[in-house]
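A, B, C and D are the chain letters, set down in written order, and residue numbers restart from 1 in every chain.
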């Protein structure tokens, strides 16, 4: 897409024929600041819910899950919501199973609709309720099942564009439809889900959070407890889901956050390196992104590219709650994170 | 105490007079394994409660607190419960204030009796209830107050012998009786006390846990949630209180643990480097230490020296719960931690 | 490039029009193992030296340097030698200056030809000799100058494709041609270039190596000292240039290595995630990459994509020495590094 | 030694009989700043060399080595030069072997006199020359041998008082006089002793430096290269010997430094927590410690307690060089390090 304009004299012909270009031909790609091809984009819940509904009859759940991938309009058909992240809306009907597989891309699920379906991760059945965050970290076997009587809808978040760019994608289908459930139901929540009390007999230190379920009840307790805090001038009461063994992000590549914009709250604008995707859990509001207004309400999903100036505002009659995923752990690990408040 | 036996020929006289000794004169101090001077010792609650009661009238609370220090009988009058830790029982009467000071030794408090008194730490009033763990980390201003109508009793745990051995003790009395309360009551619990959700706007990363209050309610929830786990063969359902920002110990020098011995549970014996002090929160049982039985019940405090063989057993009709402090973070930081199961 | 095939019924029309695709339409992109678009490719020194020679008259050194970028033939005109790295051959004539700028992509230089030119990094003039490695880490001001009478040629290595994929490129031209030289010539070598002796008065801990010059003399001393070691069955006597403050890679995104293949040495094949580019410093040999032979000699540059099976062999009459850059620190930081010996 | 003064009323009798003391009885031990029992003390080379000479005939080398331990006069016969460190002068005659053993205390050797004797560490024979630093980290088998024709004298530095205070001493005598030499002579120097080039095939990451020999030649090269640097106002050109795998101290408990005081250099005074022992490698000078002058020359050894105000001054006609050991890594690991410039 960024192929250089060719300058055709003998020297340039020589180098071009031999797969070389002069820096002077392409230096404009070294931009003063990031200029992502990805654009800010919003998928409204009115659309997403219609798509979710129609998908139930239009496509079967099969080896590849009934997951509608959100393609950033700026990225020319790449499997990507932002340059590093893919978000999707996945639907699982009563009685269905999305069969067991594993992949090097890490995945998270945020439950939008329906209670009681499960994701099984390496032998632990994790029961999912609305507002819960569920992890299926890199290379962990997982399958999903819906043993309830209602349709379940969740948002997937994966780092597929990143792992693709790094040429690190591995994928494996399991021999059985379901991975054997060898651990207690919600067992990692019992082990790791209690405030700052760690089981001393566990020696494993994986590269990701060993806690697979972050329940919405705990999330709301935390937000409510901080309702009267000052919070961040840019993000409001913004909490990061953390790995209990390190205090760091839930996976090495994807960070997850929940943020509360209190009634009437209008936050300041800034830019940060790295991209994110946010989902409206509750409330109504507006996010100004590079000068354009995105008015959102419950269920909407919005892509926020790197270095885009953005400012959130609650414009509803109650608090607004946003869940988001971002590639910030990558930027921080590589010392490429920057932020810049807007004047 | 370990002064070498002097061998008196001319050469030895020469070196001794000049503050030198031959390795051959003292090499027996390089023992095959640790031989602590500290001994296992138990302070029974029947004694401690009587002392607490009498102390109310026998001594005022003053600049130095009404804290009865537990001196290990093996340590010749050193201010030490084990070689690195001091434990004490502190009493605060209704209306009393233990004035503000700070010191480089780190301190923890475990509430034994009474609800509603407070410890104020660097401007945060922390309200204490039975079973709570409260931190006053190194060099943090703190004062205690009892505005309730009942006497409050807690166990102090500090690393005084360690900081003394390292010649690192600093102490400062505050100009005022109370340090100004500039933060919300129990504010660190609101910020850090929720399961694995971290405030993104906080940039401070102190060397200790920023969470000052670990409530007993959360502790019991965690223990109860793991009641049917296998746990550790040596420690049962043993949980470490952790620093939410790192997943590590609450302070760089003192680790805190809570452990549940289920009804009828008899654990295996082992030795570990480093010492600990445990307090019986609930139940009855026996700990065999280097072949000697220590039968304990609610309120007792027991000193466990380094490398002592020890095995716990619940001998009561219900679960037993032990709280403990140890110097394990020190041993681990210096790569001196070892453990050895007993045959 | 990987745009999904569209399945055109009403449901699919609905989702495609709204920038959504079914996972079932694109799941084949989740490959069993990495399938890079980049291909193995070799630029021979016979070509590179001719290009370097012609470039001296064909193009001026200007704001954009006289650097011929090696474009991987599989990457459709992207500014990339592998998916994450760009290598180039840069030429600086006597009397020329490549003016001061800085950029978030990190860069390294490996000197191919000519002694005595300099790279100035944040005020330190670093004098470069053949075989030296010179760093210009992320966002450090740097300019190059040639005050000698001979043409200088070096290989550039940057992480441009990575920082582009992460939308983190920042670039800034300096107001002056040269950044003021405020530090001693080769001063970082004096400070950090001595074996395992660190200046205690320096408090800075940048995210990259503070040592800007790794001299060839030291490199050859190290290789010669290990000539009789077993080394790696896959890489021979392979040494990583390290950050003296951490023992880790020289920058968070690019690792540099030097390896010696002894006379007659034929190494084993393996695959690793992540890509690299190697340059032949000395000797002749062959690298089998995914079944294809690449016969190389002094001066050649070869691109090695992620997960390509590769095995090196010395086929000359003396030792062979290869310098290489790779993105391995990125893979390791994100827990995506894997290696697999070939059967 | 710090046993509290007993206050004898009924309450105090009750608590004292039961191994308890009131905080009010001992609070004076919580001092405003460190008040070590160890005192500054100097052992002159005129004494040490005489002792070394007489020791050759007065005592055999046996299982316990011919090592004269420097006992701090303030520490009442404790095996300690400072509160955490023991230094000693060890003598090995031609043909002698100090038999193989290992212990949890870490040890370093700094060679004072004689070239060509060896320390063997876990199978690596390390040949020692004057000015070399040799490590025998915690729990590594080691023996010493002198196959030359001259007497060898070195300074030992160990963390015995620390490991004793922590009750972590383990000691084991080897079955054979010498541990089998299974590795190349000076092999760790070949592997790790080259400037910032790390062998990629080595996977071990011990808790200590894997480099056993820091040669004086490299040390002097580094000092000479920095002769014209500003250095530290308190320590001059002060370099820390580092672990090449981490950039940190050579062992978790003992740091080693070399410092050059240039001709006429008079440094500023300060206090730091933690103690050290320094040995004069070259030159003459004076160190003011807590107001008392210690005039030193080549060969002298001086103990510097925690928090003592100290300032060094070169008073000879050439540069002065000091080697020192300290417990600073312990203080830093436990967040107890402090420094305070003197007004």
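The definition used in the following text is that a residue touches a chain if its C-beta (ideal position, glycine included) is under 8 Å from a C-beta of that chain, and two chains touch if they have at least 3 such contacts.
Everything numeric in this text was worked out from a predicted model, so none of it was measured.
K.L.:
Trace the shortest chain of touching neighbours from subunit B to subunit C and give its length in steps.
P.N.:
Between subunit B and subunit C, the shortest chain-hopping route counts 2.
K.L.:
Quick check for the class: compute each chain's Cα centroid; which one is farthest from the centroid of subunit D?
P.N.:
Farthest by centroid: A.
K.L.:
Mind checking the centre-to-centre distance between subunit B and subunit D? Centres are C-alpha means, answer in whole Å.
P.N.:
Whole-Å distance between the two chain centres: 31.
K.L.:
Return the distance between the CA-based centres of subunit A and subunit D, expressed in whole Å.
P.N.:
It comes to 52 Å between the two C-alpha centres.
K.L.:
Determine the centre-to-centre distance between subunit A and subunit B, using the mean Cα coordinates as centres, and give it in whole Å.
P.N.:
The separation of the two C-alpha centroids amounts to 42 Å.
K.L.:
Would you mind listing the residues of subunit D that make contact with two or more other chains?
P.N.:
Correct list: empty.
K.L.:
So which chains actually touch one another? I want all the pairs, not just one.
P.N.:
A-B, A-C, B-D, C-D
K.L.:
Which part of subunit C faces subunit D closely enough to touch in the complex?
P.N.:
Touch list, subunit C to subunit D: 184, 189-201, 209, 211, 214, 218-219, 221-222, 225-226, 228-232, 235, 237-247, 257-258.
K.L.:
Per the contact definition, I'd like the list of subunit C residues that touch subunit A in the complex.
P.N.:
Contact set of subunit C toward subunit A: 1-4, 9, 11-12, 14-15, 18-24, 26-27, 29-36, 38, 41, 43, 47, 50-51, 54-55, 58-59, 62-73, 76-79, 83-84, 88, 103-105, 138, 160-172, 207-208, 252-253, 273-275, 305-307, 327, 330-331, 333-336, 338.
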